[in-house]
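So, here's a batch of structures to check.
Okay, so chain A shows up in both of these, paired with chain B first and chain C after.
Let's look at the complex of A and B:
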């Protein structure tokens, strides 16, 4: 006899979710930020960042290993006590809220700039967030299943994009390979660890997974593939645009879709890529809004968090509407990226020492 | 409801619950129940049984019971048998066991069940001095003979279809499925005029929880009467307002059998030329039996054609609107100029154009279903010539639009299942409005929500898009199928008790 579906996600669904959610970073302003610090070798930074985040992630997994069905939030309470856990939980929540709000604003800016210049920003934002809310409100399991349905098409279209611009790719643009020099690259890699900050944050989802083993497998495949994807696409941007021009490009992915063509006749495919990119965007933000509500409720010790999804969707949008233009958004995002990097790297170590300390005291 | 003073059997509460020993009293009760003598359908035949040396009567309903059968299996033996010492001390038992020759019958003592037996076409035998009656099976309802399916045609494969008789339909399934564990349970529902529903499943395959859930839902139905399966479907479905159906009605016995073998439940009812299958998934709605009957390559070819048709039917008009109003750069310049030239003389925006043609097409379609078949051909002339040709010549719509609407229409005809067909057609209009409002942005957002809705929809606890998402082990018979000999696994999402159809074949994966 087989058991009925118990509302939990498996390896495939979670891997797909990671591929879309984290992988989407290759199409926003992340590569532009990387160009500024990594120059010609910007494409190495995602790989380095992933390498840096592996250490705290492993530590966190080691701590969770002996505690089945427990996630990040439970660990916070275990390590820092009731008030301390709540404080750290709310801090994580705040970081997620800021990055989600400004992140979503970036996406709306992209939509506004690249396709819908005459539509008010607010209207686009509202429609996007309405869809995000609808998807998020159906629960983690549903988001994962949706991701699993669409992920093959998204990845195929990403591969097609590379094929369609292959004619413009000049790999020699990637040399000199070390770019600004190895020491700088290593430092920037560590600084940009929060590109994969989800490795720490998403451990909160462990209670929603079937078991820790599936979570681990999915995380390694998902984040590993995303590191390769982001690095690969960043390399393609440089190979197509060459270095100094790439740095001045606001949205390299969208520019690339404009360059894609099939033969002589069909030379404008950006709308097709745009459609698929948008589906991914909705899934991406649905995960974040869900995570926000989940983190917030767990930090305050609330049992139900579904009613919080709507207020957090609204709050995300309100904060996202605050900056006047996209360069302000980028400044804030860059700062959050740095601050949260330290936070994500240090958090597992802090938790680990706190648990150790508690054991010594008792 | 019983607030009219009726018990569940439809008997007024002030009547006695049990039959009396006196024949004339019993007959008066029955006459009263069936509004005799106004109701001339009630036929009472008094007789004297020489074998028992007693007055008796047989009662049946005209139209429900078969008189020839009554004559040969009841009347003749009763009147012909000599007076012998019978083995049974009880006289009614003696009649049932030793005299009448009808294939099935039973003794009853409660008045409550008596009208139901008469309405089913059974004959009631009453005997003076006995506080009971015999009910003998003599069904005589008329039904047509088994014919070819009207909706689910195949080129290759069996050509028998269900008819309006539940007994014949059950027999059609038995004929295909020689299976010891095939259970046929009967459940009566409806408060005033109870109807029997047959619940068919394979005992050692179907998930017992699913069977219990199904029975629970059937028993929870609060209705006067249930006319047929199409009405029943609407009583037991998961989400009444959803565009997605929770059950599948098929008119093909072979299809019903293949679902039974996967662990589904099949419901059969009188007056329904279909069988109802639960639970259903997207794949059940999308597949046709022909996909399996044709060889691997041909079967997959028509599958690919059909999945393409689903997307064409759903999205073509909205993509046309999006491309022509929001993303003109996508169209090659020559074609863009050509479209522009033909649209030049059309005074309406693209949305109005598409709506006019789409609505016209839906009108033609609905008319074709309702029109008496003898004047059917007029639809073709009016639809094709006047709506298509003349609308273009009158500059109401552009020629490219006629192509798009025709393509959409043809594609929607390839969707085999009626409920799914409607879902796609209705969704098409939603997509159309989303596209005309925001172009690809609108289509993408609505599409994401639709996918999310589909993955979260469940039919009797089975996710709609499983075993694809959420993933379950199965024979991978989804959009395309593996060769038949490789389909050795039953889909795990149906939670069948035995997950393997056969042992894993060599080279099977």
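Let's look at the complex of A and C:
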């Protein structure tokens, strides 16, 4: 098992990384955003969103197949030229920056509301981002390995959480099955495709992987499992709280950890879950900050990107501190989700047609 | 790298500060174990806190010999949270709801419009848990809490924790938590909450031991609190009460029930002067089938039960005679069914809604939320034709085969 590291990650590490970074969405405000649009059938949306994103993802993989060791950024330059590639790259950077900034703010809000009410937001934010920087600065391979170390505990604890609340689960709460109606559900599923926007964005990481095959396997396992996990947990929230109450809850995951109990006596289990959730949060944002620096450097054609990690960590925090409260953050996040969905879905098609066009011209 | 080290050191400093903002010393906290809510003048709520004294009942008792196990204070405030803040002008330690498990609400306050607003807004506080139990008291909640001096439990939280388990076993009261209250706020269902009192109303001696409401149970000595029956809530407001027996029926008719076995007595079919006591256990889930296509919906309910006969005071030899057993089974089924039918009719007439969670079954018949809301299950339920079938089998007759009769009487009967 002990092999010398060559700085590249394999299937195992990348799958673990996806399970943590994307899977963590089940515990933030993503389910709340889904409840707003999908009502009682909100749990179907992650599955639909995954289905929607599969098509552009497949196209992207097909384009990358004949170009080993190349990632999303290389493809951008190949399709749109030097300036065009840079522009699209920076646009992707911007979307990632906004969603990372507001996303991290959401997590700080959760920590503030559920754990430390009197601690200033800024202090909590600073601590979180410091930890994030500490992990991100170690590089992609280390993030992957960290993810691989913690992922078993996280998944086991998630399963335990469901076991501990099983007493309160009533699956009949999931009916009427179509919620707001099938057409609305399908539309919302497509609109929320960017829950799995990472499927497109993370193709930038291909050069950091051992080979494309390992990347592909890890992607399918990782994203597929996350779609099931997010959908499953959203269904559990409705099953435990029933419909209108679930919609009004800000942080259903954290409230669920409070409902968890082992028998009558051991009832305050949330701090255990809170600790594991915090570790996952740090890994989650470390990946995003790393991706930001990576995308930005590659778009500008810079050779090294590690020095950019610290400024981007700071920038994320600066932007994240702007909104006054969490409901504003949610509005912005929902809009970013919508806008970036179109971007992520269209991007591979645009790239593909541009490459085609170039061939025709030459 | 240098930057990294600086950032790390900064983070360390921040960690130290973080400990100070939200630090809580165990010593300086006052854990509220029971909260009481009453109506107060001018649209205010009067909030009663029962604060536990953790030293009593622990090995540290020596240090606090003259302290009572708990302290009870009442304040009037616009809501629970501001009352919590005011309370700290009297109580030396910081009030914490972390161990709050029971909320007692007076009947008068529960019937008012204000109640839903007060309880609904309190859930914003992260310290309020959805697992908190609700008890509706006949008298003022402050009175209920003050008068509740359990003799066998020194510490108040123990009393409520143990009693809740007993209540759940007996099924005389429902399992009522805040989470269930919020789930059943809608117009399509009724929420049942535990009903209790420390006062005695009129003691009535009923032949069947569960036809009581709290306060009516004939009792001599013992703890003052009686918990029996449930308060019925419709759209977040208390609208009536049902007895212990009716509560048991309501819980039995739900698809899944938390309380699985009830001991109860039924008329002896062969000797009407006596009762037969049996433990009735739910044998799997209640099956509910609905036909909602007609204006008067058709509801078919099948209740699978098994019974263990515990005592036969009439000394009839049911255990040995299959034909008599058949009679007994039929008789228990009939008497149960009569009670169930009467209760369902009463619910249909009085509340135009149901506490059996059948609305969840009705929801399955609709494809979209809109269609379900437009259907208005509550109104249709009150018109529904409901047919309850009981499938019971008698499982056992205890560890005695025949009645303990002396030899000569047995000869007498034979001759």
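Methods note: the second predicted complex is superposed on the first by the 358 of 362 C-alpha atoms of A that agree within 3 Å, B and C clash if a C-alpha of one lies under 4 Å from a C-alpha of the other, contacts with A are read in each partner's own complex, and residues count from 1 in each chain.
Keep this in mind: a residue touches a chain if its C-beta (ideal position, glycine included) is under 8 Å from a C-beta of that chain, and two chains touch if they have at least 3 such contacts.
These numbers come from a predicted model, not from an experiment.
When the two structures are aligned on the shared chain, A:134 is found in touch with chain B and with chain C.
Judged by the touch definition given at the top, the superposed model places A:116 against both chain B and chain C. Touch criterion met: A:176 reaches chain C, while chain B stays clear of it.
When the two structures are aligned on the shared chain, A:166 is found in touch with neither chain B nor chain C. In the superposed model, A:153 makes contact with neither chain B nor chain C. When the two complexes are overlaid on their common chain A, residue A:12 makes contact with chain B while staying clear of chain C.
Once chain A of one complex is fitted onto chain A of the other, the partner contacts of A:349 are absent, as it touches neither chain B nor chain C.
By the touch criterion stated above, A:261 is placed in contact with chain C alone, chain B being left untouched. Applying the stated touch rule to the two superposed structures, the overlap between the chain B and chain C interfaces on chain A comprises residues 115-116, 119, 124, 127, 130-131, 134, 268.
Within the complex formed with chain A, the residues of chain B that make contact are 207, 209, 322-323, 326-327, 329-330, 332, 438-449, 451-453, 455-456, 461, 463, 465, 468-471, 492, 495, 497, 499. Those residues of chain C that touch chain A in the complex are listed here as 3-4, 7-8, 10-11, 14-15, 17-18, 21-22, 98, 126, 129-131, 161, 164-165, 179, 182-183, 185-186, 255-256, 360-361, 363-364, 366-372. Listed in rising order, the residues of chain A touching chain B in the complex are 1-2, 4-5, 9-10, 12-13, 111, 115-116, 119, 124, 127-128, 130-131, 134-135, 138-139, 141-146, 148-150, 265-266, 268-272, 274-276, 278-279, 282-283. Contacts from chain A toward chain C in the complex involve residues 39-40, 113-120, 123-124, 126-127, 130-131, 133-134, 137, 168, 170, 172-173, 175-182, 240-245, 255, 258-259, 261, 264, 267-268, 310.
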